[in-house]
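Per-chain residue numbering starts at 1, and chain names A, B, C, D and E are given in the order in which the chains are listed.
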Amino acid sequence: MLSVALRHRQGEFTLDVGFEAPPGITVLFGRSGSGKTTIVNAVAGLLTPDAGRIAVGDSVLLDTETGLRLPPHRRRLGYVFQEGRLFPHLTVRQNLFYGRLFAPRGVAAEDPDRVIEMLGIGPLLSRRPGLLSGGEKQRVAIGRALLAAPRLILADEPLAALDEARKAEILPYFERLRDEVSVPILYVSHSAAEVARLATTIVALDAGRITRQGPAGEVLSDPMVLPTGIRAAGAVIEAKVVSHHDDGITELEAGGVPIYLPQVPQAPGQVIRLRIAAQEVLLAREAPRGLSALNVIPGVIDRVRTGDGPGALVSLRTPAGPVLARVTRRSVETLGLAEGVTCHAIVKSVGIAPQDVGRARALSSD
Amino acid sequence: MLSVALRHRQGEFTLDVGFEAPPGITVLFGRSGSGKTTIVNAVAGLLTPDAGRIAVGDSVLLDTETGLRLPPHRRRLGYVFQEGRLFPHLTVRQNLFYGRLFAPRGVAAEDPDRVIEMLGIGPLLSRRPGLLSGGEKQRVAIGRALLAAPRLILADEPLAALDEARKAEILPYFERLRDEVSVPILYVSHSAAEVARLATTIVALDAGRITRQGPAGEVLSDPMVLPTGIRAAGAVIEAKVVSHHDDGITELEAGGVPIYLPQVPQAPGQVIRLRIAAQEVLLAREAPRGLSALNVIPGVIDRVRTGDGPGALVSLRTPAGPVLARVTRRSVETLGLAEGVTCHAIVKSVGIAPQDVGRARALSSD
Amino acid sequence: ETVTVFAAASLKTALDEIAAGYSARMGDDVTVSFAGSSALARQIQAGAPADVFISANTDWMDRLEAEGRIAAGTRSDLLGNSIVLIAHGEVPATDDIAAALAQGRIAMALVEAVPAGIYGKAALTHMGLWDRVQTRVIQADNVRAALAFVALGEAPRGIVYATDAAVEPRVSVLATFPPDSHPPIVYPAALTADAGPEAAAFLDYLKGPEARAVFDRLGFSGPGD
Amino acid sequence: MAWLGPEEWSAVALSLRVSTWAMLVSLPLGVLTAYALARWRFPGKQLLNGLVHLPLILPPVVTGYLLLLGFGTQGPIGRALEKIGITFAFHWTGAALAAGIMAFPLMVRAIRLSIEAVDPRLEQAAATLGAPKPWVFVTVTLPMILPGILAGAILAFAKAMGEFGATITFVSNIPGQTRTIPSAIYAFLQVPGGEGPAMRLVVVSVVVAMAALLASEAISTRVARRVAGT
Amino acid sequence: MAWLGPEEWSAVALSLRVSTWAMLVSLPLGVLTAYALARWRFPGKQLLNGLVHLPLILPPVVTGYLLLLGFGTQGPIGRALEKIGITFAFHWTGAALAAGIMAFPLMVRAIRLSIEAVDPRLEQAAATLGAPKPWVFVTVTLPMILPGILAGAILAFAKAMGEFGATITFVSNIPGQTRTIPSAIYAFLQVPGGEGPAMRLVVVSVVVAMAALLASEAISTRVARRVAGT
């Protein structure tokens, strides 16, 4: 459990935050310049804030009142930087084991073989970082942080420098980290998809202040928490794998509602989380027939929000969980969508982007 | 008109291409390592190919048979590099006017005021590149290339280093370039959205060879031209603006079919091009009712392609033009989708991503 | 009307004073370039604009004469000097040079290359002492530097010109080497092959009484003494 | 500084002149050599590199001697230059030549490093904008390596202020003409009681060279920031 | 090389020993100084910077004289060191000291530049992985600046091979003990006809120093490639 309380001024910018990060992945979410890196650097000890207190469990890392300030190398945190920052003169293996040299004896560290296997970097061990692809670099950086036996992992937009394909390649490793490794993670992102897929807890920042914090499910389904624009809106639901069909479709079940997805890797019985982007959802008053969409989720409208634009955001309560739909104001009128109205959310199975299909645990553990 | 014929080996890689780039934007499209940068560098003169001929209109830039090889500075091409490559020691103004110093007298160059206005960089003129944002840098780089009075503009993934928001900010400038400036453009990209929005002509590359080339409308609507993965599939249609409604919806018309979009900036009567991503399209046998989707386009199935996966790609002929839909194999069976079957393509208005709404001219000019 | 003189560096004090006197008397300017005799001789070989050359050493003058670089018949031995054994600090004079050199470092100029060192080595060899003291000799690149070693106490003994010892208060003269123990110490002077007429006047002045008085005061002997 | 006599002042003035010229004249050649070593490939490149470093390796007396052999009035180069009216022998210009040559390796090293730090892709960009090679150099490379040039120049100046062995061997020690501060110090050290004036000259020399060095550090930082485009 | 006499061989052997030790011993101090100048902020930094450059600016004779005053048997430092069994005066170690000090500014400049080129964010990364400062230096900074250290060291070696003025003034010219190649060359050049043997030594000296320089360029390139992580 990480607890952070900070006040810091740099130039025009003032940071004033306080939050707690329970086990799992806590995502710091907010637009550019909102102070995310500043917080992470303060936790890592690379920056000394004007005032504040930072503690991991019982160990206090910083307390400006008592004048305590552990230097970075005594904080035992694994920092995964945006640009990797691998040591170019060392091989991948040497990079990975770098932190081990300094880890206190007797501290239970991750098993290197397991970490290497988990990150799929076995074949790279004797290579040098200069010739790795961006995605490989970041996987090594994650491994390096993990093997330093950290009490906490910090990751500052670890995927931002990667293209879409690389992002998709790395995201599952963070999920495995969250699900298989007991170390809590403080993760900076401004991608809604990343947040939805990874976060256990969300801390939303704006201009140096926290605008909302709480468990991921709650925060994400609140259509007002959209620091990066309305197009990112979406809801997260949990579903259990029921069976894999022969035609490559996996059947899942969420609150009794069947959900069909193109094949997912999880075995029947496992629970996964899905992000359904609001703009992928169509609404129909009657159950539609003869449509190529496989998923139809019945629900009751909770709230309809309209603004100045032509769009409207409709929240539904469904047996599967909250679902958001982004429609036009014209449709709201034509279909008579209003609070309490029963209707059907139609989601094409392929409308659930693969990077939005994550492995669950985070939500269920709140 | 640029004509290129090249053969070149570097290491394991062999390039062997020949193509012509008519006026407008010719996009070199292909996965990483397919040889796009190699071609552009050969055109720019930064690399001398083993054999080949390159000409812009009547002027031959390179002809290995006659031994002719103009040095880069005598080719009069404007190269927009991925990383901008602005001169850090010069102000934005000095960067912009750098090429002018060397442009031959009497050559009709763009009007600087117009270029500066078009790119929206007036307020930056006296600043230095070091403090510009990534998007601003690229706009200046475009202006710098333009003001050198080039016969041809080369752009090698000019948006790749930018995040989504920045990309969206720059794309319109390339459209204006295509539509308002008479210089032909050779543009490298591996983003399907960029290609759909910008290309007049497409040259698709794979492993050093051209797999398909032709006018953008044709190439993009061929579901087999998907060098970057099936998820990028989509069709491009042209539509004329009919009117702007009060509730923020713009009505368009394509081949007699009404299309509704959230407000677009074009005036009634103008023609714009829309990319409809295949995965945003639902198919229904009967015209649906009571649905929040505003756009329903009737059509006839042209072809259904299935592979090993759970998905299928359906091509429709519609009065509005070709439309692609990505559905599941299961839906193909359930709905009985097959060649010659009549059905309806359902597109949520918001399903047309704003970066896929472009200004037309390219398609109509082929 | 400028006379350019190339002179061994050890003559600086004397020549600065004499040149000033000459200029005051005769109106002609005298410019003196002080450096090691070897450097100066090579420069004259290479066509340096020197009118007068005063060497600390007959070898280099011989060499220039043989090459026809000096005006025939103008060479003469201008000055003489003697070499002395010196000690750091106040030490009474002694007759027993061997005993005085029994131990400790002995500072000298380069014994194969620099005149003062060559004379010193010759004298020690003549007295049968060289083999015994050889390993304790520290050699400086010029005689002034050897003097400095003794003055600073880095070497308890040293062999330098009498003229150097006379003006350094931190050393005392233990003994003077007998003139027959080494080749005669002379400073030959001559006009160079392309010297102007004023140069002859200055060379004459150097041999005249006013200059002689300065040389005597600084401890130089006459050429024949 | 009333405590410096006219002879000493003359040495100080001469040293400043000699060092300034040594620095200014060798600068273009230094930049060219550094550029060739950093960017070009040609046969004999390592030879050129060795040659440039020679004055650093040789005892200064030897350098001076070689200069005397080559550039003296009897030397082949000296005679050729004499014909077109250029004299180095026993002239302050010769002192500048000696100082310049001794300082050359330091200058070239500093400039070479700064050239190697320039991104060649910026030079390519300039070429695509129509700039011929010489213009690319003048408008892009040169401004970007200014801090390195400055550092190299000042280092050369400082080194020139201290050069002695090659100078006295090549052009002798003629007051007002070739008696620079170090030569004057040498002459003073030959004289009993000359340590006083010698040390005064040392102080002047150190103050001048230090001031130049510190100024160059300060300017370099500022120019570097400007060149970084911020 | 049968054409070198035993005396000359002894000078060559001594010069190699002196230059090697000068280089090796000054290296740690050079790295430390360069690091301090590149990375630390402290009062008197510019003073230290000036001090380091002093041997470049001063005539070598003056440096030698100052060394004699400080490190001679009568000098305060010399006397203190004598007590703990370290002698510089008139000993080959003194020649190494003189050569090391004369070469120090060159070494420090080369290393400093390479340190300034190291991305401090890599050092931060090492700290977050638990490495205390000295370890960060040894495991990250040091390997990355190896090319610069190598260049600085070889440059210092070459310079040490050519050092004359400060050496002879400080430790004189004792055959087998302090008579380095340049001292021997100087002695030869003092006598008529000595040019021949002098030039033979010049050739040896140049060959050795050039070989070192060229080797360092080659190794630097290779190490630089390795350090770049490719």
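The rule is short, and it goes like this: a residue touches a chain if its C-beta (ideal position, glycine included) is under 8 Å from a C-beta of that chain, and two chains touch if they have at least 3 such contacts.
Chain labels with UniProt names: A, B = Molybdenum ABC transporter ATP-binding protein; D, E = Molybdenum transport system permease.
Computed from a prediction, not measured in an experiment: that's the story for all the values here.
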Check your understanding: What are the chains that chain A and chain D both touch?
Key -> B, E
Study note, to complete from the structure: Higher number of C-beta pairs in contact (A-E or C-D) found for A-E
Point to revise | Most distant chain from chain D by Cα centroid | key: A
Review point. Where the CA atoms of chain B average out and where those of chain E average out, how many Å apart are those spots?
Key: 60
Practice item. Please work out the Cα centroid separation of chain A and chain C, and write it as a whole number of Å. Key: 90
Revision key, fill the gap. dist(centroid_CA(chain A), centroid_CA(chain B)) in Å evaluates to 32
Check your understanding: Distance-wise, how many Å sit between the C-alpha centres of chain C and chain E, to the nearest whole number?
Key -> 36
Exercise for review: Would you please write down the residue numbers of chain E that are in contact with two or more other chains?
Suggested key: 65, 186, 189
Review point. Every touching chain pair, please?
Key: A-B, A-E, B-D, C-D, C-E, D-E
Check your understanding: In the complex formed with chain C, which residues of chain E make contact?
Key -> 65, 68-69, 72-74, 89-90, 168-169, 172-174, 183, 186-192, 194
Practice item. Name, in rising order, each residue of chain E that touches chain A in their complex. Key: 121-122, 124-133, 135-136, 139-140, 143-144, 226-230
Study note, to complete from the structure: In the complex, chain B touches chain D at residues 44-46, 71-79, 81, 83, 85-90, 98-99, 101-103, 128-131, 144-145, 148, 154
Point to revise | Sites on chain A touched by chain B in the complex | key: 160, 163, 245, 247-249, 260, 262-263, 279, 282-286, 288-294, 308-311, 325-331, 333, 335, 337, 346, 348-351
Revision key, fill the gap. Within their complex, chain D touches chain E through residues 46, 49-50, 53-54, 56-62, 65, 106, 109-110, 113, 117, 155, 158-159, 161-165, 181-182, 185-186, 189, 198, 202, 205-206, 209-210, 213-214, 217
